[in-house]
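One chain, chain A, links the two complexes that follow: it is found with chain B in the first and with chain C in the second.
So, the complex of A and B:
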């Protein structure tokens, strides 16, 4: 499977009469985007606001972040099985508006998703402070159930992402990157002397506000499967997880998975990137046993020499992480884990809720318990009403002047457990 | 049904007790539910669901529901290790920063999330 990803670099976002890209500026027609959000009768109000890198703006509570993309050539469309017909994606050509994002915000439950600061110290912890964001703030119909509202907000973000992405269809990209993974036997034969490396991608799948979708299928219903890495770049995976800001894998992070990106950079140089084993993180121990057995089976069947494993969430998924580590090792692969840590504010406690002897190599994405001071911002998109009940916030977190003291858990993607951040921890 | 739910969440009791016998321990804290389940495992019950919940840290939600087997068998060593690690993890979080005193509306949202984490699994009636 071969995908050309055309990157159109966006350097500003403005409201305009039509939604288009011109000389690196994304223009969006406000009303068109509102109309798309309001197509869903579970949403009674939608507002669109812009947030640019460096501005004194705080966005909260954030649900999801979506990079606008469009299929230019090849089968299927962006977000197949969710907002477009089910069709295998990941081949042909796709254009991405790199530097622009759709950010969905709005209240879903009483404890809430996190914060994006566009400037100041908090901006250092999130990649979305460096981008030009079209914020979609939605309000639900009275009395609607939480899961129905979550779905409506999620779909609004994805539809607007695809609509805005369409503006890049006929634009000549600034850069085209080609990614290719061949069918297994050909891929192995292409670089016979390089170690065969795979990526075990664990999807959060435990329940309400803890879900992820693969071609529209709720990941808790899947058994582990094989995915060509380029499928993810066309939106085969979308996020429905919205309760833990710091290690949330947004839809943006699925489209731009850094493990896949880095494995491709070294593909054919010092390793042979065979592909992705997708698995889930379920509640029942029997499900964990079944899924990790199948992950081990894939590692053996594909003849992998090495694997990287990422998880989403803390606690329960740590057990899946360790079971996958153990069984991938037993199947003959060397294993490196990538995750964030929660060892307490002093960093002295156990980082993860589970462990195994085989887990001997781990890349840390930082400690989510560290305290951060966020100065007030001139403008708030959404609301700060929920700061003290957000994950990472506490009583007294929000001060009268609008400044915030909280754990860095409160910032979207600050310790994201796939490495799309700048934090780490090292042994000396 | 050879399963029983141990919970301090009244919503779980109300919604699932008809399907699966549910021990509703309304006065128990999050940690006390974990400790109660640990004691049951020592008595031969098998741990069926993971004691920690998804993205929520143990000091963020006061509610906890866990499924164990009714039938007493040989000691479930793996389950014992998971519940002990979970208790250690929960104590670490709660001693660092106690669970906040939420208002009733927020408590209801946490009850709902806790229910949903179990309901999905219970409805599918996984073969064990």
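So, the complex of A and C:
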């Protein structure tokens, strides 16, 4: 499977009469986007606001972030099985508006939605402070259940993402990157002397607002499966998660999975990137056993020499991470884990909820319990009403002047456990 | 600006009082510097002054820990220090433990920075490295000349509130405190680098060495529950409406004990959940899903269990550090045992 990803670099966002890209500026028609959000009768009001890198703006509570993309050539469309027909994606050509994002926000669903600061110390921790964001603030119909609200907000974000992405269809990209993984036997034969490497991608699937979808299928319901890496770049996986903000793998992060990106960089040079094993993080022990057994089976079946494993969330999924590590090792692969840490505010407790001696190579995406001071911002998109009950917040977190003291877990994707950021932790 | 006031702790040997035969001397305090304090004085330069030196015999300290600690604290307090320095103890085991113990007590009671120094194999090093900055020394006092300037430098930094660098920069023993910093490469790139190295047979350094996991062996099964008092303990965040003790929805720093005597079930008008890790919709309607008082009352009536304690213990599990969780467990277990509870049902979410 071969995908050309055309990157159109976006350097500003403005409201305009039509939704289009011109000379690196994304123009959006406000009413068109509102109309898309309002197609769902579970949403009674929607507003669109813009947030640019460096501005004194705080966005909260953020639900998802979506990079606008469009299929230019090849089968299927963006977000198959969710907002477009089910069709295997990942080949042909796709355009991405790199540097622009759709950010969904609004009244909180659970406790788990976080903050994006466009400037100041909080901006250091999130990639979305460096982008040009079209914020969609939705208001749910009174009395609807939380998961119905979550779904409505999620679909609004994805539809607007695809709509805005369409503006890049006929634009000449600034850069085209080609990613290719061949069918297994051909791929193995292409680089017979390089170690065969796979990526075990653990999808958050604890349920109760902790869900991820693969071609529209709830990841709770899947048994581990195998995926061409390029499928993810066309939106085969979307986030439906309200997991702790800091390690939420947003839909943006699925489209731009850093492990896949960095494995491709070494593909054909230091390793032979065979593909992605998708698995889940269910809460029942029997499910954990079944899924990790099957992960081990895939590692053996594909003859992988090495694997990277990432998780989404912390605590309960640490068990899945360790089980996958153990079974992949037993199946004959060298294993590197990427995750984040929660050793308490004093940094003294053990960082993960589980451990196994096979986990001898681990990359840390930082300590999520560290306290950060976020000064007030001139403008708030959404509301700060829920700061003290968000994950990472506590009584007294929000001060009358609008400044916030909280654990960095309150910031969207601050310690995201797939290695997207440069934040890490070490022993002092 | 007035000089920073320092109190220094040393043992009988370094005070020049005597060796093993004088190891039983009780605490005493002298104005100014004694023994290695002279080197300390010159390392602190003009910024700080060693106002007093406290001395205690190693055996006396070891055999009368509580008394020695109290007496020493009283003496140290009088001199109103800004900084406390103990040792260095090099490889002297009892001295190392004494330095660690008194330094920790001073830090906690007087709330001032403390620094000590030890050889890595000193038993005091393992006992206190997590709590204290311990400058790493060689195994004998011959290293005094090199150790003291590091002790002084770190002590001054701590008093002045300056940023303390990593262990290899400052010379202290790795404490195991997980501290954030921004790496030049992102995590995924480091992960791929690490895997390629392993596949090439090269050595790598993990960014998080696996801890010795604190696994608790379950007690043996209770054969007859019909005479036993049972309590409910949960990490599912069930609290009385309004969350009177303000337990956090994640990363809990406290737990609560709430009475339900006379109730047959937990009703949604009186109880709620503040847990931040799951969709609360169903539990807000029926808190018994997490604290199953309704079913426990049935079992009580049917005689399956002897009695249900008239309260439940609760906190939020999500994001709560093992350190906090362990401290909660140690504290409320005492109450449970005092109240005659012999079995606990732990519910999580």
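Simple rule for what comes next: the second predicted complex is superposed on the first by the 420 of 428 C-alpha atoms of A that agree within 3 Å, B and C clash if a C-alpha of one lies under 4 Å from a C-alpha of the other, contacts with A are read in each partner's own complex, and residues count from 1 in each chain.
Operating definition for what follows: a residue touches a chain if its C-beta (ideal position, glycine included) is under 8 Å from a C-beta of that chain, and two chains touch if they have at least 3 such contacts.
Values in this document were obtained by computation on a predicted structure and should not be read as measured data.
Aligning the two structures on chain A places chain B and chain C in a clash.
Using the contact criterion defined above for the overlaid structures, shared-chain residue A:262 touches chain C, although it does not reach chain B. When the two structures are aligned on the shared chain, A:270 is found in touch with chain C, with no touch to chain B. In the overlay built on the shared chain, the residue A:282 is in contact with chain B alone; chain C does not reach it.
When both complexes are overlaid on chain A, the residue A:357 reaches chain C alone and has no touch with chain B. By the touch criterion defined above, A:394 reaches both chain B and chain C. In the superposed model, A:317 lies in contact with chain B only, and not with chain C. In the superposition on chain A, A:347 makes contact with chain C only, not with chain B. For chain A, the partner that touches more of its residues is C, with chain B and chain C as the two candidates. In the superposed pair of complexes, A:365 makes contact with chain C only, with no contact to chain B. In the superposition on chain A, A:420 makes contact with chain C only, not with chain B. After superposing the two complexes on chain A, the stretch of chain C that clashes with chain B is 241-249, out of 97-105, 223-231, 241-249 or 331-339.
Where the contact sets of chain A with chain B and with chain C meet, they give residues 110-111, 146-147, 206-210, 244, 314-315, 342, 344-345, 349-350, 354-355, 369, 389, 391, 394-395. Taken in their complex, chain C has these residues touching chain A: 130, 164, 166-167, 174-192, 194-196, 198-199, 204, 206-208, 210-211, 213-214, 246, 248-251, 253, 274-281, 317-319, 321-324.
Of all residues in chain A, only 109-111, 146-147, 204, 206-210, 220, 241, 243-244, 247-248, 281-288, 312-319, 342, 344-345, 349-350, 353-355, 369, 388-389, 391, 394-395 touch chain B in the complex they form. By the touch criterion given at the top, residues 110-112, 124, 145-147, 195, 197, 206-210, 242, 244, 258-259, 261-263, 265-266, 270-271, 305-308, 314-315, 334, 336, 338, 341-352, 354-357, 359-370, 389-395, 407-409, 418-428 of chain A touch chain C in their complex.
Considering their complex, residues 47-50, 52-58, 60, 67, 79, 82, 85-86, 88-89, 92-93, 96-97, 100, 102-103, 105-106, 108-110, 112-113, 116-121, 126-128 of chain B touch chain A.
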